[in-house]
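Take a look at the structure set out below.
The first chain written gets the first letter, and so on, giving A, B, C and D; residue counts start at 1 in each chain.
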């Protein structure tokens, strides 16, 4: 039976959304995934989030999603809580993923609002309530309009926070103004609610604004950088936090190495994260899931150069 | 073993996207689904499309999706070809659905481009090629930007039509100008390719422009109307076709009966289709899948009135 | 004083949105604009629409807009009604353009909903009411979501049609389903209301659906084609209308000649219309307004070839 | 002749986008606009920006735009630089506004990319180059995708900054991640370039990230708050800056007082700013320009309450 690692309330700190290393034939590379997990634990992160957008959840069939959760829960050995994405179109499908994640030992569930369909805020509230009622685990709402094509309404999040349906919010909306207003309003709610920003390039500002932590895709590549950034912020060393964020923002250029006239944004960004992890010796192959296209040699060279400039290689 | 009903090439005529009747407790109502199938066969439609957007595919867990295919394949008894939607986020997940559909006796597969992620046309082409190569069935591309948030590029569709990867296109883009240009360009390609419009309110114009058929959600409610419209068009009775389309456009107002300030567009439109089928005595319950909200009594009354005005009740 | 040409109610037929020929130094080429007007009159069109999107209204300063209206009103010599676009961000600015157009002899005004700002349907209704109340001319609503980024709500159009605020609608939304529903609902309103489609590639279908006419940008290049298409439709020769539409849809490929990785869509489409008019000897220069970029020689060659294939050169 | 007040390079600090007070009959209220100017100067702001989105530039006819510039230039008496928005659809029209602003004594020009049309980055670069070449004043690019519907590409901004075409950027995109990356890349460019955030709810984070100042709509209502926030940030008192930002974020709720089912977002937000200024005794009427709708008494009461909670009344 997997170790249970109760989530702190609120969950705070650096919670990287793990890449899912694949073999060249497209299978989950269990060894590499365990190695990535170990590297993140060693860097001092505060939690692990599997099967998010960075983890290529959209591309992985159910059997591979299960392998990912099992592998990371096993590799974490109870040292850190494991959040699992239950990413699917609507309630019943999300529930199936959430139940599986619970069975496999995940400590929390992360779910978006319904997508593909057109949903009203009242329906979104019902969606989260059903998930929470069915699966007893702490539930995080995942606000990612780039993928879901609607933004979670602040009133809905606040009501679900007050009711205890939601344990937290992963905000990848990029809308820092709305985030600020939410944080101010959340102060009237019980303190256990956790707001994690997914905007990995303005973490200093988000922490200054009161966010509890960050879910940085780039944290796969430079977890220690985000751990330092978070520590600086918690200690009130805002200038140092900003300098660290600046360095990470420069490193983030690796997500642009792919030729955007020839491949999608996922191929470029997720491909670059994996190329970096491969160059760093963490994972065995930079392969991404179909139908994403591989980076060419020039792009890989640029990734290497950016890693060197960031002092990582 | 299910009866195989080879798809004509090109597939033509009226191919309704079947609603998925549910019991009040949210299970697939197998009896009602068989009854709906029988009603459509009796009305003279040319094919059956299960697990499309109208079929609430986004809301149904895998086990219910399987039940839907089994039920309709069984009820059709080889009298009509059955197309099955394989609606999911990206290639590997779509492949799982497509393989299942094939095993359960579907005669063709309908799949969108990847969604939730950001995809390049070259990746979309690869996506369809992998599906076609893995599952031997005729493959239809489903262009529904409202759900997928990108439009299938015409060049991609043409190339995949010429290569034989795609057997057809279900165009729910609502972009009749782009459709016209595609139809003109498709004439240089082998004649087996089928273009079915999902724009159920401009079917006369689409057929005049050379479309091969229609996939009308409203065809659940009034299949005979669409069969007549199609027959008029094929016989060159364009004025009669337009009059029939006008009548159906008026009936389509039932999709607006839901209060848009209180529920999503799916709740209103799919709820109204099901309410109509319930009032017509075809299905046992108007229930829609969670988290969609039910129509209130006023809305149901309006559905009844519209059915009466259309001569259906 | 300019000749007044009262608009028929409803306005019907082919009403091309005139290109605005420019000199190489960016001035309105009055001679060429008069020649274009004469060519359209000779082709048998039913009205002239200046300062629409095709007329580069967005690019022309007020003084050039005035020159355009004066030139076309003068060249039309009362033979055809002249509609003038009053394209600007909100009510007061639109009113200034509308008053000027009236003074210069325009027979009708075409205006969009407010753009740049975020507007409620009640505000849009007020916008049109103020324009109509201030300027006595017949007023057409211009529905062009690609530019305005909202779609005119059907309920608003219907209410303004019933109240007599609007004389008609130019529908460039490309949403043929919504157009069909509007046309069906408009039958309950007084018959003087005119619906003109701006979707120049599905004119046969729009006329079959009950539209009163068309505002085709491509009608600058091939006005006779649209006049024939309209005549076929009015005479119930729908097959012949569709064949003409097919020919025009093939010709429309000229709007794609520009390299989309190097220039905007306006540069390509408006540049191609002007290049065609230049090759046909109608206008003196293919220049478009800044900051649009010129087509290169390859693109011009393709325009020439498409004109030849369409039998125009 | 108006006093010239050369812009510092880079421009820094608090530069409020002035509301345009109107009389009940819709004229520019010159007295109130001068009073607002005086209030801002007294509060210690660093510059004045007229005819931005907050200034209802979209709604004002040319003659009123002129009055606004004249009034504020006159009222500023050379104590502060005055930036003027030259908001229009494309280059030639923007040039007309920019020339007028220059003649009337504006010290800098603020212009968006073309809108209503579809523009390529190369065309946007040409647009700004032509404006700068024609009007000698310092030129600020205004990135406001909510109104313009495209985002200014970072590469374009960087190239125009390096070439000296642009003196600065007003970033109202709300995309703090893109802003951070731009700020990091701008360090390689000459230090005279000014980045002002228009995201008035994350000013602390933007300043921490290296932004030079802020253009806060809410600064009409509480200029002293933004002046304090800026001073805290410049002195490295980040906690105090964040507390001030929190207070301002709570006050910002006044932009939501309008009933969104009955009026547009502009009516609510700009109406609330003006209602607040009216309640504070700065301007004579809360009237907004047509077709915006007025706030009702309940909304006004909420504005009053929020002003009281913020300690302003």
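Just so it is clear, a residue touches a chain if its C-beta (ideal position, glycine included) is under 8 Å from a C-beta of that chain, and two chains touch if they have at least 3 such contacts.
Which protein is which chain? UniProt says A, B, C, D = Dihydrodipicolinate synthase family protein.
The structure displayed is predicted, hence computed values, not measured ones.
Asker: Determine the shortest chain-contact distance, in steps, between chain B and chain C.
Answerer: When the steps are counted carefully, the minimum from chain B to chain C is 1.
Asker: Whole-Å distance, chain C centre to chain D centre, using C-alpha means?
Answerer: From the centre of chain C to the centre of chain D is 35 Å.
Asker: Nearest whole angstrom, what separates the Cα centre of chain A from the Cα centre of chain C?
Answerer: 49
Asker: Counting only residues that touch at least two other chains, what does the list for chain C look like?
Answerer: none
Asker: Run through the chains and report each pair that touches.
Answerer: According to the stated criterion, the contacting chain pairs are A-B, A-D, B-C, C-D.
Asker: Which part of chain C faces chain D closely enough to touch in the complex?
Answerer: 26, 53, 58-62, 64, 87-93, 95-96, 114-120, 122-124, 126-127, 130, 146-149, 262-267, 289-293
Asker: For the complex, give me every residue of chain D touching chain A.
Answerer: 174-177, 179-181, 184, 199-202, 204-206, 208-210, 236, 238-239, 241-242, 245-246, 249-250, 252-253
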